[in-house]
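Just so it is clear, A, B, C and D label the chains in written order, and each chain counts residues from 1 on its own.
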Amino acid sequence: MNKQKIIGVIGAGDAGEEDLKLAQAVGEDIALRGYTLLCGGMGGVMEAACRGAKSQHGTTIGILPGNSKEDSNPYIDYPIVTGMGHGRNVIVAGSSDAIIAIGGSFGTLSEIAFALRLEIPIIGLKTWDVSSNIKKAQTPEQAVKLAIGLIGSNT
Amino acid sequence: MNKQKIIGVIGAGDAGEEDLKLAQAVGEDIALRGYTLLCGGMGGVMEAACRGAKSQHGTTIGILPGNSKEDSNPYIDYPIVTGMGHGRNVIVAGSSDAIIAIGGSFGTLSEIAFALRLEIPIIGLKTWDVSSNIKKAQTPEQAVKLAIGLIGSNT
Amino acid sequence: MNKQKIIGVIGAGDAGEEDLKLAQAVGEDIALRGYTLLCGGMGGVMEAACRGAKSQHGTTIGILPGNSKEDSNPYIDYPIVTGMGHGRNVIVAGSSDAIIAIGGSFGTLSEIAFALRLEIPIIGLKTWDVSSNIKKAQTPEQAVKLAIGLIGSNT
Amino acid sequence: MNKQKIIGVIGAGDAGEEDLKLAQAVGEDIALRGYTLLCGGMGGVMEAACRGAKSQHGTTIGILPGNSKEDSNPYIDYPIVTGMGHGRNVIVAGSSDAIIAIGGSFGTLSEIAFALRLEIPIIGLKTWDVSSNIKKAQTPEQAVKLAIGLIGSNT
């Protein structure tokens, strides 16, 4: 009996091409290394990361803001329906063993703030620079490697 | 790409022997038939159902009231940390494609009420009799069969 | 410095004439006796109770499910915006020193369940009969009197 | 019938002397000008602001993280009990017509992020500098004046 280790990926629902490429590569790498990917379940960075993870046969969890599983992106295995709007951001942060933040909007900033408050490790890829506790990565591979280094192996 | 279909199991954290046996058998049957089990992640009926599911190599999700994954029962694969106390009950109800209610405390009643409000199918095993929309089952096998009949196959 | 004592009024957003009359009379009496009325902030029983309270120059708080103060009924002094949908029901229950339940839908039942779980006194006026811990009242005046008897004077 | 206009005050639960003085002066000025003060209901900046408001016979609302009104600071008139931990921060942000942020921890940062996301005006007094949408004030009086200028008179 072992809890699966979860890496959260956070970023904007409407992101630019560069962020989407980073997110997809992060998702691929999380899956390849055998970790579960959790996100806010919607589009943009969230969808790109899940698409990457599913392309490598990974597992994905989406913490949805709305009331319907139909609203989730198509790469979510386990849609969690909160109906709590932005309030679900604290669940995204709290349910991750480590978080990789990519680019980011104000919603992403709220998740970073909660993660810092809850002392959950954060890796940043071109994201908000609000604390020295956010470890900076230069590439998706480095981001995933840093995250895994902080949470240990998934066994 | 297919969302996994989820059957929620709800019931008291401190339940009697009979309810625990029912819960374990329900969990076993959910796993044997290839569905994911979701619950509130704690002890009693929740733990018994998860123990049953894991004994058959099923998958389990726990929507935790507290702030720590350490508080979940040992049979949870994916602990979702809400920090929202009883407020997490609406997430348990909303994230289930169908719900099996076993026995039950006031917390269970709140989940039944949310499920009725959200029009999520409920099967009852010796639980609150507050609506004709709760389908009554006599055995764990019948409960799982009724649930699956309402949500369809998991493919 | 004294916290104001709060009496919650819960009931359906679409209620029949009889329930609306009961709610308005309950609201009037809460205000006349100097207590603050709290509710879910929307229409039906909630609006009728607030209309009654404001007709007697009382104070009203609405715990709103949505994201906008514009959605509240026009008799709310202090709109609290949760954006949490039905999840706000646990806040309605938890923030009341005593609750008067009038008629009721499944949403009301979830609030009653939370109040029972949180051991908050409930008075019922033609509402769900799910526990002997719900004290039954025959008239609005009796309901408010029972509530005040349980929580004491507001000084 | 008019909704009362609400100014939120956010800041750390354990703040330094300077922040506490700023918060008390902000609270006094909010009350003197006839607005309602809303905060997270706990200590530090929240308590200092409420103490200031009550010294001028203002009205205060506390959105509490825990399950008990006993946990609120002694200057709260209307304690709202969420039981949702840090998740209540989105309610603090969403329920304010304008927000004054003083100093600040990661919890404050999450509230600022939500306010920016929800497009609620923010005035900053020596706080997080994460967006040009945060209007900077140099004194408590200026902060309250800026807030009132953005939300209009309370009638």
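The rule we apply is simple: a contact is a pair of C-beta atoms (placed from the backbone, for glycine too) under 8 Å apart; a residue touches a chain by one contact, two chains touch by 3 or more.
This is a predicted model, so every value here is computed, not measured.
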{"item": "Contact-graph distance - origin chain A, target chain D", "value": "1"}
{"item": "Between B-C and B-D, the pair with more C-beta contacts", "value": "B-C"}
{"item": "Copies chain C and chain A - interface residue numbers shared by over half, same or different", "value": "same"}
{"item": "Geometric centre distance via CA averages, chain B-chain A, whole Å", "value": "26"}
{"item": "Separation of mean Cα positions, chain D and chain B [Å, integer]", "value": "40"}
{"item": "Separation of mean Cα positions, chain C and chain B [Å, integer]", "value": "31"}
{"item": "Chain A residues counted as touching two or more neighbouring chains", "value": "67, 82-87, 90-91, 118"}
{"item": "Touch list for chain D against partner chain B, complex", "value": "67, 82-87"}
{"item": "Contact set on chain B toward chain C in their complex", "value": "84-87, 89-91, 105-107, 109-110, 112-114, 116-118, 128, 130-131"}
{"item": "Chain A to chain B touching residues, read off their complex", "value": "1, 3-4, 6, 36, 54, 61, 63, 67, 69, 72, 74-84, 90-91, 94-95, 118"}
